[in-house]
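What follows is a structure written as structure tokens; I'll ask about it next.
A, B and C label the chains in the order they appear, each numbered from 1.
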Amino acid sequence: MAVPTAAAALLVVGVVSIALGRYPVPVGHVVEVLVGQLTGNAYPGPATEQDVVTLVRLPRVLLGALVGGGLAVGGVALQAAFRNPLVSPQVIGVSSGASFGGALALVLGLGTGYLVASAFVFGMAALGVVFLVTAGRGGASMLMIVLGGVVTGSFFTALVSLLTYLADPYSTLPAIVFWLLGSLATATFGKVLVAAVPVLVGFAVLLALRWRINVLSLGDEDAAAVGIRPRPVRWTLLTAVALIVAGAVAVSGVIGWVGLVIPHLVRMWVGPDHRVLLPVSFLVGAAFLVTVDTLARTLSGGEIPLGVLTALVGAPAFFVLLRRNRDRIWDRA
Amino acid sequence: MPGGRPARAGDLSRRTVLGSAVAGGAVLLAGCGSGTGGGSVVTSAGGATDAATPAGPIALTDQRGSVVTLERPAGRIVTIPQPAASILVAVDQSADHLVGMQNASWVAVRDGILGAMFPAALAVRHDVADDTFTPNVEAVLALQPDLVVQWGDQGTGIIAPLENAGLKVVGLKYGTQDDVTTWISLFAKALGRTERGDQLNAATLKATQQMTALGKTTTGAKPRVVYLNRFVGGLKVAGTGTYNDGYIAMVGAQNPASGPGGASGKGMVGVDPEQLLAWDPDIVLLGNFDAALPKDLYDSTVWRGLTAVREKRVYKVPLGGYRWDPPSHESPLMWRWLGMVAFPDEARYDLRADVVSSYQRFYGYQPTTAELDAILRTATNDGSADYQQFHA
Amino acid sequence: MLDLVGIGFAYAPGDWVFRDVTFGLEPGTVTSVLGPNGRGKTTLVRCAAGLLTPQEGSVRRDVPAGFVPQARGTAFAYPVREMVVMGRAATVGVFAVPGRRDQAAADAAMDRVGITELADRAFPTLSGGEQQLVLVARAVASGHPVMVLDEPATGLDLGNQGLVLGLVRSLADDGLTVLLTTHHPDHAMVVSDAVVLMGGPSEVRHGPAEALLSEGELTALYDVPVHEVDVPGAGRRALVTGYGSSAGRLPLSSGRAPDPSARGRR
């Protein structure tokens, strides 16, 4: 079964990632610390080792899992809602909308709660715009959706640029720039909580609708034909996606490609049935981002921006996918 | 595809570092300005030329190697590099010849003690260029400057429009204390006050020699000192080749972020928390480029294993006429401060008296007790070890 | 079972596609809707199925209706079994997934339609006719007593046309109420008990098939000569057309005009 396999993979990736890092902690000690956390026993070794494992690496791995899983299921849901396997939170512009919302909150000096809320509002706005542009009796062609998303995304990106121009160059601007690049380097348990609430709530909503999403993915006419009203389902989907993306963007900036490549890979493995596709995509997306982030912090002395790495990995992978599976994944629509 | 702007945080800090450097150097040059007794009266030296400087054309060789000729000392100067404005004010001991500056310079004037010392500077126009130092040529022209100061090492794109408009431009480059020395000389020459420039530079040179010699005499293990350019929202440490690395070594300490086992790459390097924990510095310096405070480390669980946190040796770098982190005319004061922080049992200065006498020489200004406390950040750093030595 | 009372539909205000249409559908019967393009056949049946709401009048339906659209490709390659079980969507709860009963209904529907061996095939890989049958099975799986089909035989080859028509008739014989649109008067003749002729916004006529499926009615409807002929060996009469205009004969492009006074020898 795919779900247990993916879950096991995530667990392995997680433990390995917690064992790796610049501060030397022997693997045996890592395991001891983790076990100690679970059993409540105090760790007998150096306090710094425990701190590194539990306060530096653990939140980072958890955050990576939440963001990676969230972005992946966001991509799955968007692809169903738009009936098009080529959309993702980035393509469709919701990431840009959310990043504008977050940047706006930063410029106004608002707290983290406002940041997430603002990211959500503008992410929804971007989704709404694209949907309105592409709504039509027959549904929009791939070209229209991607164009709509590119235009919307560009619009919000331009607004972000405007904000960086207006932002105070000493305090706000560097904060915005650093955040936009996409990074998990400042992970804390506080941030894990900030991400966990919207991501898990959104994921739960998607899971609850997992079979309805199958029906929705056939198109509005087919959905109506079997007696489902597609609009409420679709708007619920989009809201859940905006919530997830807001949570992810708020803590880690804009990280692309996860929402595009992971759904494809997983669909190749388990098929298009969202009852399996959704949970497995979450797990695989989580494992993917944790792996990439671990590479980002261990490969070089500094921190390679996460968005850069996911693009370097994701773009060629997607290119290969496109070429090999063009005829299998969808027909010549 | 939608994404973010390319990072400019690094550029920003460089510029402000340079800015401080120039400000510092200029003030040193102004060391022989006529002092007044008590109070915060600013001596305005106006545009008077030193008797020793001959009237007549002035040839300025900038750091690009270009020569700009002025008929007479510049009376109206526009500065674009961030530090240039404050250095000019320090060399000139007034803001009377500064007619335009970049916005970031103005913010520093407003927020620092320079605005208190030279209120005229607050009224100077500060919309002459944007964050990328691209000049607003019409705004500059409208100010009718005799001389424009601009970065010379960022490509011709930001200089050519000014020169094409018929303006005289000197190009500066960023880097080291030596650059500051050059800037001070250049500005002094442009103002027709070469003697003041020489005096300021000589004072800095003397202080450098003193500190270097002193640094070599410290005994015992060298304390590990890390300078954090950024702490909030990502860690950036001063690595190999940075000015901060230089003065850490000068005072006789060592920087774990440079040299073997240090960060790969030069300059300000982004690192992850584990790297800082692995280096385990004895002293952490928090820069003036974000809002980090020592208590942010003391209160957090992540950093509690750090030696610097356990021994409460995290300090926020002081902020005087300009930030003390980057090279400036006030740098000798920074070196002494760092020496006292790193070797509290050895170094013996009265830093407060030093600041008072230096500011008299630099600015003709006598800071009050409260202003001294603010400069030395006693409120912020009192929670850290050995800070009583900086009290009145 | 299903009654349309005085319904009228307009896509834009004042721009009526049809008005004042009234007829009822009986269980166990097939009603075919015929008419030239653009006269509102699809609109009418979608109103009957509940997919569109008419501007005037009402559709009285005491049971839900299943709708079978024309088969088009899908973006995602669901297996046939999944496609069919989606017909159960109206009875599966919003947050639920199909259970054993739903799966059993789907299997029974596939069996009824005769596509059980296609159950594990990916839908986009099927032929047009097979896809259409899957969609019919989907509607059967829903268990709704009323089934509305939009051009179920369009685009199918002769063999598949017969398949689908036979299925439609047999479903009606089982007691379903069937409403469908078609471009082929002969298809209507084969399956229908009643027909609806849509000649224009105010020219919608409903009646028994024997009465309305006549040469005169159809020729007037399509403005093309329609003839009733005997089908040798099939024991029925068929409706065929010569494709020329009823106002006069148009020569066909092959040059073999029926008019013997044209250039006879080649």
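The criterion applied here is as follows: a contact is a pair of C-beta atoms (placed from the backbone, for glycine too) under 8 Å apart; a residue touches a chain by one contact, two chains touch by 3 or more.
What you see is a predicted model, and the numbers here were worked out from it, not measured in a lab.
Number of steps on the shortest path from subunit B to subunit C, with steps defined by chain touch: 2. Taking the mean of each chain's C-alpha atoms as its centre, the chain lying closest to the overall protein C-alpha centroid is A. For subunit B, the chain whose average C-alpha position is most distant is C. The distance from the centre of subunit B to the centre of subunit C, each centre being the mean of the chain's C-alpha atoms, comes to 83 Å. In this assembly, the C-alpha centroid of subunit A lies 42 Å from the C-alpha centroid of subunit B. Rounded to whole angstrom units, the spacing between the C-alpha centres of subunit A and subunit C is 45.
Interface residues of subunit A facing subunit C in the complex, by the touch rule stated above, are 80, 83-85, 208-212, 214-215, 217-219, 221-228, 267, 271-273, 275, 328-333. Note for the complex: subunit A touches subunit B at residues 21-24, 46-48, 51-52, 55-57, 90-91, 93, 95-96, 99, 150, 153-154, 156-157, 160-161, 164-165, 168-171, 173-175, 177-183, 185-186, 188, 253-254, 256, 297, 300-303, 307.
Subunit C contributes residues 49, 51, 64, 66-69, 72-79, 82-83, 86-90, 92, 94-98, 124, 135, 138-139, 142 to its touches with subunit A in the complex.
Residues 1-5, 7-9, 12, 16, 103-104, 107, 130-131, 230, 232-235, 263-265, 269-275, 277-278, 280, 289-291, 301-302, 304-305 of subunit B are the ones that touch subunit A when the two sit in their complex.
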